[in-house]
Structures are given as C-alpha cells and as structure tokens.
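Take a look at these structures.
What follows is a pair of complexes built around subunit A, which joins subunit B in one and subunit C in the other.
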Partner chain A sequence: MVSLFFQRAHAEALKPNSKMILIPAGTYVPFFEKRTTVAIQSFWIDKYPVTKKDFQQFLKKNPMWLKNEIKKIFADPSYLKNWHGDRFSNQEKKDSPVVNVSWFAAKAYCEFYGKSLPTTDQWEYVADDRGKGSKEAQQKILDWYSSPSPKYLSSVGQAANSYQVDDLYGLVWEWTLDFNSSVISDGDKNLFCGGGAQGAADPSDYVRFMRYSFRSSLKANYTIGNLGFRCVQEVSQ
Partner chain B sequence: MKQKMIVIMLTLLLSGVCLAKGETKNNGESVYNISTVWLNQDSQAFPLQKLKGRPVVLAMVYTSCQSACPLIVSDMKNIAKALNTKEKEQVQFALFSFDPEEDVPSQLKQFAKEQALDLTHWSLLTAQPDAVRELAAVLGVQYKKNASGEFSHSNIITILDAEGKIRYQQVGLKQDPKMSAQILSQLLSSEK
Partner chain C sequence: MNKKQRQNFSKVLAIIWLIFTFQTQLKASELGQNSDENRDEKIVGEEKAILTDAPHVPPPITRSYATKMIIHLEVKEVEGQLADGVKYTYWTFGGHVPGKFIRVREGDLVQFHLDNHPSNKMPHNIDLHAVIGPGGGAASSLTAPGHSSVFSFKALTPGLFVYHCATAPVGMHIGNGMYGLIYVQPKVALPKVDHEYYVMQGEFYTRGANGQKGLQPFSMTKAIDEKPEYVVFNGAVGALAGDNALNAKKGETVRLFVGDGGPNLPSSFHVIGEIFDKVYLEGGSTIAENVQTTAISPGGSAIVEFKTHVPGTFLLVDHSVTRAFNKGALAQLKVTGDDDKLVYSGKINDEVYLPEGSNIRVAEGPRAIAPMAKDKQERIQFGAQVFATNCAACHQTTGMGIPSAFPPLAKSDYLNADKIRVIKTVTGGLQGKVVVNGKEFDGVMPAWNLSDEEIANVLTYIYNSWGNSGKEVTPEEVKANRVKAIH
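On to the complex of A and B.
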C-alpha cells in the first residue's frame, strides 16, 4: 500500500503539468517506410493543441516573437494574422488553437516551457491510437479534410482518442519537429511522385498520405490559418 | 500651435520607428539569425556567423553518401570554376553534414582530402541533430535518415550574400553553374 502510494506520488511528481498525457512506449508502422515497425519511447504530450491564450502568455514573456518584432526569416507575412501586438481578435475564442504560427515560433514556444515539438513518429503514433485510428476515424478525417475551414475556430477539447489526447484531427493540422523529413524518395536516388506511393506501408491509407504530403509541402517560415501545434516532453528518468 | 507641435513630434517619432524597422527587416532575412555552433574539419568551434562578410556557396551533404553528395560537391566545384580567379578568392564554400554520428571532424577532413578541397576556401562542418534540423529548415532542405543509415535529402546548393540573405538556390544535380556564378559576380561587384 505504501509502495503503491509512493509510486503514484512519484508519477505525479514526474508529470510536467495537468494538461499533459503520458503516452506508453510501443511500436507502430510508419508511412512511407520499408522497415516494418518503429519503437517509440514513452513520452508526455499536450492534451490539447496550444491555444491563442497560451500563445499570448508566451508572447508577453518573449516579445521577440511578436508580429512586429519577429525576424523575417522566421515567419512569412501572415504570421499571427489578425493579432495586434500580443492581442488576438476579440471575435476569436481564447481557447481555440493558435494558428498562423511558423515552425520556428512553435519550436521556440515549446522550448521556452522546457518541451519540444513532437517528432512525426511521436505524433503519428498517438494518432494511430493503438491501431484504432483506422476506419471510423479515417472517415471523420476525410470529412474534415473536405470541409472548408470555419471563419473562427472552435475551442480545443472537441474529441479525445483512447489516450485521452484531444483534437488530433478535426480542428487544425499540427507542426512536427521533423516536418522537413517527408522526403518521398528512395535513398538519394530521387524517386518522387508515383514512385513514392510504392514505398507506403499501406497505399490505401489516404488520410496519412494527405498528412505526409501536406508536411512535405511546408516550409519552416510558412504560417497558415489551419496549422497549429502542440508540444511533447521527455519522461524524466 | 500646440497641435502642430504634436504633429511634428509624432512624425519624427514615426519616422524613427520606420527607420528602425527597416534596419531589422534587412538583417531579419539573414540566415545568421539562427545561432547554432558547428565544429569544422579541424575540430574548431564554428559559429554560423563566422561565414558572414563574404558571399557563401553552401550545401548539406553527408560523407558516406554514394551517389548524390559527390555530385553536389562537384556542382559546387563547377560554380567555383565558372568564377574568375579574383572572384574565387572572395567566395566561401561550406558543406554542412546531415550525419553527426559518422561525420566527426576527422572524417570531414578525410573527405576534404579525397575531394581535393582547398581548406582556405572550403569549410566542412558538423553539429548536433537540433542544429542540423534548424539549418535545413531555414534552407528549405528536406532530409530523413533511413533504416539502412542512408539519408534521403533534397539536392540544393544555396548562395548567401555577405549578410546571410538567401540570394539563389540551385536545385537538382548536374545543373549548369552559369546562373550561380553570375549571381556571385553580381554580389561581389555590388559590394565594392
């Protein structure tokens, strides 16, 4: 009993904050890979995408990332569109995901809080949802991809998966740390386009194909109205 | 009168602001805004900013790469060849490694020897994965390590001006060096 209590207390102490979820270690089959499985270590992930209110707090402490201060190389002109200084438009929900943020800004946010952006493998592993991320979810995702973006985004917390991680799809696309690793080619022999699909683990998985092709079209300074992010944190030893 | 003064003061204030903004805008486009530190082929610390002050021709490669990387290096040599002697003296060439595990400084030095690179004009650099990722992000280079240990990567040669702004990217292998050489000549003549 005592040891159980201790274990619980210990786990609580390791938990970075109440809005993060501990993802257990496991394996998954990545898209566009010939190797069969990738081992994923246990890690913490934000339950929700980073919200406008969260990002506002960050901006107050890190003014170099304000719209008027940011170095041009770190973001394109639509960075924090409709924000004025550290204030977002009052028509927007404060708990809706922050969007129009570049990879550099997203990375800086996570690092400021001692976290990092998830790797593509980590993100896909959570989205895979122990293999449940298939059929039914895929249809929902396709419906989402095909519907136009709403003028104002909904608040986070729309739908959780079996890990209790919310909004992996349905609200915004999300940056990953190695978004620029979606090289659809075989070795350095440059097999693009049609050839790329042959390397896919499951060519019928159109949903994942969309995500990978979207990531490969991004550049680190791009800011888009339906692209946000969340952070992860290592499990401390 | 009072109103007029306010208008004048506001104008002065705003023009000051604009000036300040204009300044940061120019430097804001510089690759040297990322402050990563690399190691060169002689194991010396090499902050990215060390390249500042002269036009740079750079690419990301890895030395155990069999097909594309030697071609990238050869394309860079072709750009050098397309410059006149005086221009060549003023341009810096840099190779950044994707592969921190294998490409330790001694390996970079060996590669420079194999490729007959003149180390007064060429730097071969390696760094931690984070720094590699960030530089690739700034340059728009895609890369991924495969299970076999090989890297898939974009084949891009980038030309920076003396301030670190990207002026041109030569995309693909075995490209005609003419355009790159022309841009370097322009950069060098505009600096005089």
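On to the complex of A and C.
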C-alpha cells in the first residue's frame, strides 16, 4: 500500500509541468544567526514556481483546498482571490505563478506530489548561485524589488541562474518551510532600524535583507498577491 | 574622639546623608514627573485624527483634556516624479513624500493602525520617535502586504518627532521616502501664528546621475557611500516652488515644522533673506532666538518661527550650498505686500565702477618715452600698442565696445564726424549722454595723461581700423586742441 502511494507520487512528480533540477551538494554561509559555513545536501528543486494551471490540477484532486471548502485557520480571507471554485480569471496567464496561497496550502500541494517546501537554507543556497551575486546582479534584483507589482503576473520561465533554475527573483516572493525561524535576535524576530544589521553576514546585501524582512512579516495563514512557492524533493537513495 | 563625640558625628553624617539622598530623589522624580503625569492622565472620549499632506498641517488642537486618537496610516508604493523627466517608485506613508502629518496632544492615547496596501511588494513597519517602547512601535508593526498591524501608545512627551519605516534594509526604505512628522502638541500650546507649514528634507540615491531621465531605481552603492544624486524638500525637486510655493502676506507670522528624514545627511536649514525669531531646538522645548541657520539631524526636527517684514520670494535651503544649487534642496516662500524701503531698499542705483574711482580722473599712461613715428604706417603700428594698453579694456580689441556701457569705435559716427572733438574727448575726458551710431550711452570716460605723440598714434590707429575714415592725426593737432581734464 505504501509503495503504491510512493509509485503514484513519483509518477506525479515526473509530470512535465513539474520539471526539476538537481542541485549538487555544497556549502554556503547563511545570512543570519549562524555565520559559519553550512553544508547543504544535494536535492531536486522545481525549475519554475508552481503555476496557476498546476494548482488548478491539484484543486481538482483535492477539493478540500478550494476557496469555499478550506478550513478558516489554514488561510486568511484573501486565499485564491479572484478564483471561482477551481477556475482562475481568464485575464490571468495559466503559466503565471499561483499566488494568494497560504503556507498550509503550499505545503499540502508539495506533499501531495511526494515533495516538500524548500527550507530557507535550501532556497537561499540556490539563489546564492555559487556566489555569483555580483553587485550588478544585485542591482537588477533591487530594481525588481523596487517596482510595484503588476496587475497580471507574467508566465514563468525567465531569469534562469547558473543552475538553470528560473524566476528566483523578478516574479514573486516564495514560501519556505521554515520561514518563521529565519531571523532571531534576543528572541525578538523583528528586524528594525540599525539593529536589523546585527548578526548579518553582509549588511550591504540589501537584496537578502529584503527577502528576510519579507519572510519575517509572514504568518502561515497569510495569502499575498505576490507570494507563491515551489517544491523540492530529496534525492532518493 | 571620645565615644560621645563619635556618636554625634555619626548622627550628623546620617542627617547629611539623608538630606542628600532626599534631594537627589526629589530631582529624579521631578525629571520623570511630567511623563508620569501624562501616563496617568485620564482619557476622555475618542476621535479620528486629521492627517494632512505636506505642506499643510492639521489645525491646532484646542481641547484641554486627553483623548483617544485613532490613526489609520496606509503604506502605498507609488510611482511619482522626482524631477523634470525623472520618475521614481516612492514607498510612502499615505501616498506622498513626506508622509502624513500627525497631530496629537500631550497625554493622548494613540491607537495606531498601520495598513499595508495589498498591491505593495514589500513588508513595512513604523518607528515613531514620539513612542516610548521597543522600536518606537517597529517591534509591533511589521506588516505584510494586504495586512494591518495595530498597537497603541501614550504620548508621554511633547515635541516634534520624526517617524519612519524601520524594516531592513532601513536605508532603502527611508531612502525611498518612508518618513514623516508627528507633533505631540504640548499642554500649553505655542502662541498662535498666521501660517503653519510642514517641510521635510530627504535624499534620493538614484542609479542614474542627477537629471538622467526615465524611471530611476534605487542605488544601494550610492546610499551606503552617502552620495545622493538628489537632496530635496518634500519628496521632489521643485515640490515647493512656483505654484506650489508657500505663501504669506507681509507682516504675518510663519511657523515651519521642519524635519530631516535623511536617510543620511543633516540639514543646515536657512531661509534666504529671513532670520528665525525663534527656533525650538531639535523640535524640543528649548527656544533659541534670532537664529540664521539651524542644524537639523537626520531623524531630527526643528520648529522655526519668524515674522515677515518685506515682500519677495524667500528661498528655503540646506545651506550646504551645492545641495541647494545642484541637487534640488530649494523651496520657496512667497511674501506679498507693499515694499518697505526702509527695511530693504532694493537696488537704488547702478553706477559704472572704474578701478581708479567713480569721478573723472586723469588716467596714467605709459611713462616710457613714446617712439617717434616716421610715417602714417608707423603711427598706426605704435598706436596699436597704446590702444591695447589703454583703450581696449573698455572699447574692446574689436572696437565694438560694450552695449549700454562703452560706445563702439568701429564705424563710429561720433568718431568720424569730428576729429577735433575726439582729441578733446581723449585729453579732457567725457561724462554724460552721448549718442553713437544711434545708441545712447551715459557713462564716464577718463582724461588720458598721454603725450601728444602717443595720442596722435592711437587716434591714427583707431581711424585706420574697423572701417573708419582712414584719417591721420598728428602730434601738432593734438597739442593745438588739448583740453584740461573736466572735474
């Protein structure tokens, strides 16, 4: 029974809309708290953020995650804003990232396909792009963070980094598994004013600050118009 | 000392110690007294705070009791104009830079709602310098887009306070315009004035250079290096200029609530042509009088007051001059009314200034013996030298003169009409109106203390240059027609 479940999940995972990239093992220095090098095991990560079309398929098989069915504690009132049942507005591109989903919903999606949400370390490790975060690349990222969200999001499949993982920035913010443990400072997890730089590996890396700030402002049931997600999968032994 | 003396001495010591600590305790409690009183002040009713956009200020609070003030401040990321042809994505408290002006009274209970519009990309919070508590409120207000944070505080201390977003990276949030002022009006309000205005200085760090057109993103490098491209009042170049200038009538009193949002640079705040009768230093309770320029720290403020005495346009500047001149730190206060020439006369007169003095005087010519010219050609040659040394300064090497100041010699009707008159002019000087080639001149030409030879040479040179009549002037002619210098 168990093996059947895994077989089916594996088959689901191999569907063309969930193309995954193998990220090799390596090390990186986390931005906060532990400034010592951390070893990252090899893992698979979705090439693209989960799209509206992807999420629609999931909803068809899991109706308890529909807007009208979802338990109130799992998402705030903006969950799947502008969706009707399992249909999204036809003004939206089907290959644009799904947004207005809570952490609970994102986690359920990944687990349905035998995957999980990436940890903050895994996500940041991929975004770190083997240390290729040059000042110019940073400025490009800052530009995106500085411009207001567009009314209709673009399709996924842009801005691949050296791992060939797309859309890590420039499209949407993304959920991580442990988003609420990304910042600690005397048990007070708010970054404010100059104190925000305390304990940071590189206070001139405004780009990473912005991501950490964003994650710090979240609660698991929040749904936001520019917050989506992607999944990771362990390397099978 | 015997036992009795020791006991007495100890008693005296004990009494002195008691008095000392009692006095110290008294002083310490005095310091905290006002804020303790304010803490305990009874709250009567509630009202929704009036928030205004710069340069306007909510009206003075007239109630004599503390109330609950409800404040909704919305964060909105909006595209706006930073300078002519230059666009910027501002992050704002209330839709504009600087953010809304908040006015409450000492002792009020403030219920604060920070609303982050769902279309925003970034999380935001707020640190109000009027708040005594962790982060000035920032610890309790980190808000994701589409959400709202609520917290409350007691306004324990009066003063003019800065508020700003304190989300990391702070330099970027503030650098994008997230600052404003909250005024905790003291229980004893400031005297009434005719106008109250809200002015706040801040810098912008754009990727492109100052003036480069298009939508300019924030430059992290320039911000960290503290090298802004723009330093402006109220969020944009010219925000308080032309039709948007501040206004007052002559004789009215003006109060400016001035803040410096930074993120980095202090302001040397000055109003050109005015003096501050009063400055509430640092936005606090100490008053300085008769101040020309006051220093305002980033994250700080000042209240300045002055009575206007004459009409005109008075420029508000950061007196770090290249910020005003090159980066936009310039605003205008237009004062209308009748002139008061006693206080300021304006330009009374425009005179010609000659280094030797303003009256006709004898000009010293070259003292060396002038060479004797053999013929007209030599005369012209030597004359050129004399011209260059003495005449060219005013009449120019082109002989064209300066319009409205020095008449032309080129094709000059005055010159060509009467050789004798010219000799008299050079030797005696000339003052008063002359018409040359149809244009009027009213200046001063000095008398030249040159020899007959030199004058003959220079006049011959002039007559044979620039299309003039080609005459020759001889030393004998000069000698015969010389006049004394006019006084």
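Please note the rule applied: the second predicted complex is superposed on the first by the 204 of 237 C-alpha atoms of A that agree within 3 Å, B and C clash if a C-alpha of one lies under 4 Å from a C-alpha of the other, contacts with A are read in each partner's own complex, and residues count from 1 in each chain.
Here is the rule we use: a residue touches a chain if its C-beta (ideal position, glycine included) is under 8 Å from a C-beta of that chain, and two chains touch if they have at least 3 such contacts.
Since we're looking at a predicted model, the values are computed, not measured.
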Message: Quick check for you: in the superposed arrangement, does A:Ser217 touch first (subunit B), second (subunit C), both or neither?
response: second
- prompt: If you stack the two complexes on chain A, which partner ends up touching A:Ser146: first (subunit B), second (subunit C), both, or neither?
  reply: second
Query: After superposition on the shared chain, which partner residues are touched by A:Phe74: those of subunit B (first), subunit C (second), both, or neither?
result: first
Message: Output check: A:Asn82 vs subunit B and subunit C. Expected answer is one of first, second, both, neither. What do you get?
response: neither
Query: Just subunit B (first), just subunit C (second), both, or neither: which does A:Asn226 touch?
result: second
Task: Please work out whether A:Gln56 is in contact with subunit B alone, subunit C alone, both, or neither, and reply first, second, both or neither.
output: neither
Message: Between subunit B and subunit C, whom does A:Ser154 touch in the aligned arrangement: first, second, both, or neither?
response: neither
- request: Please determine whether it is subunit B or subunit C that touches the greater number of subunit A residues.
  value: C
- prompt: What is the shared patch of subunit A, the residues that subunit B and subunit C both contact?
  reply: 188, 190, 216
- prompt: Contact residues on subunit A for subunit C in the complex?
  reply: 78, 135, 138-139, 142-143, 145-149, 188, 190-194, 196-197, 203-204, 206, 209-210, 212-214, 216-218, 222-226
Task: State the interface residues of subunit C toward subunit A in the complex, per the touch definition above.
output: 77-79, 89, 118-123, 125, 127, 134-135, 138-139, 142-147, 166-172, 176, 207, 215, 217-221, 224
- line: In their shared complex, subunit A is touched by residues of subunit B numbered 21, 24-25, 27-31, 33-34, 65-69, 133, 136-138, 140-144, 146-148, 150-155
Message: Using the touch definition from the top, list the residues of subunit A that touch subunit B in their complex.
response: 33-35, 68-74, 103-104, 177-178, 180-183, 185-190, 216, 219-220
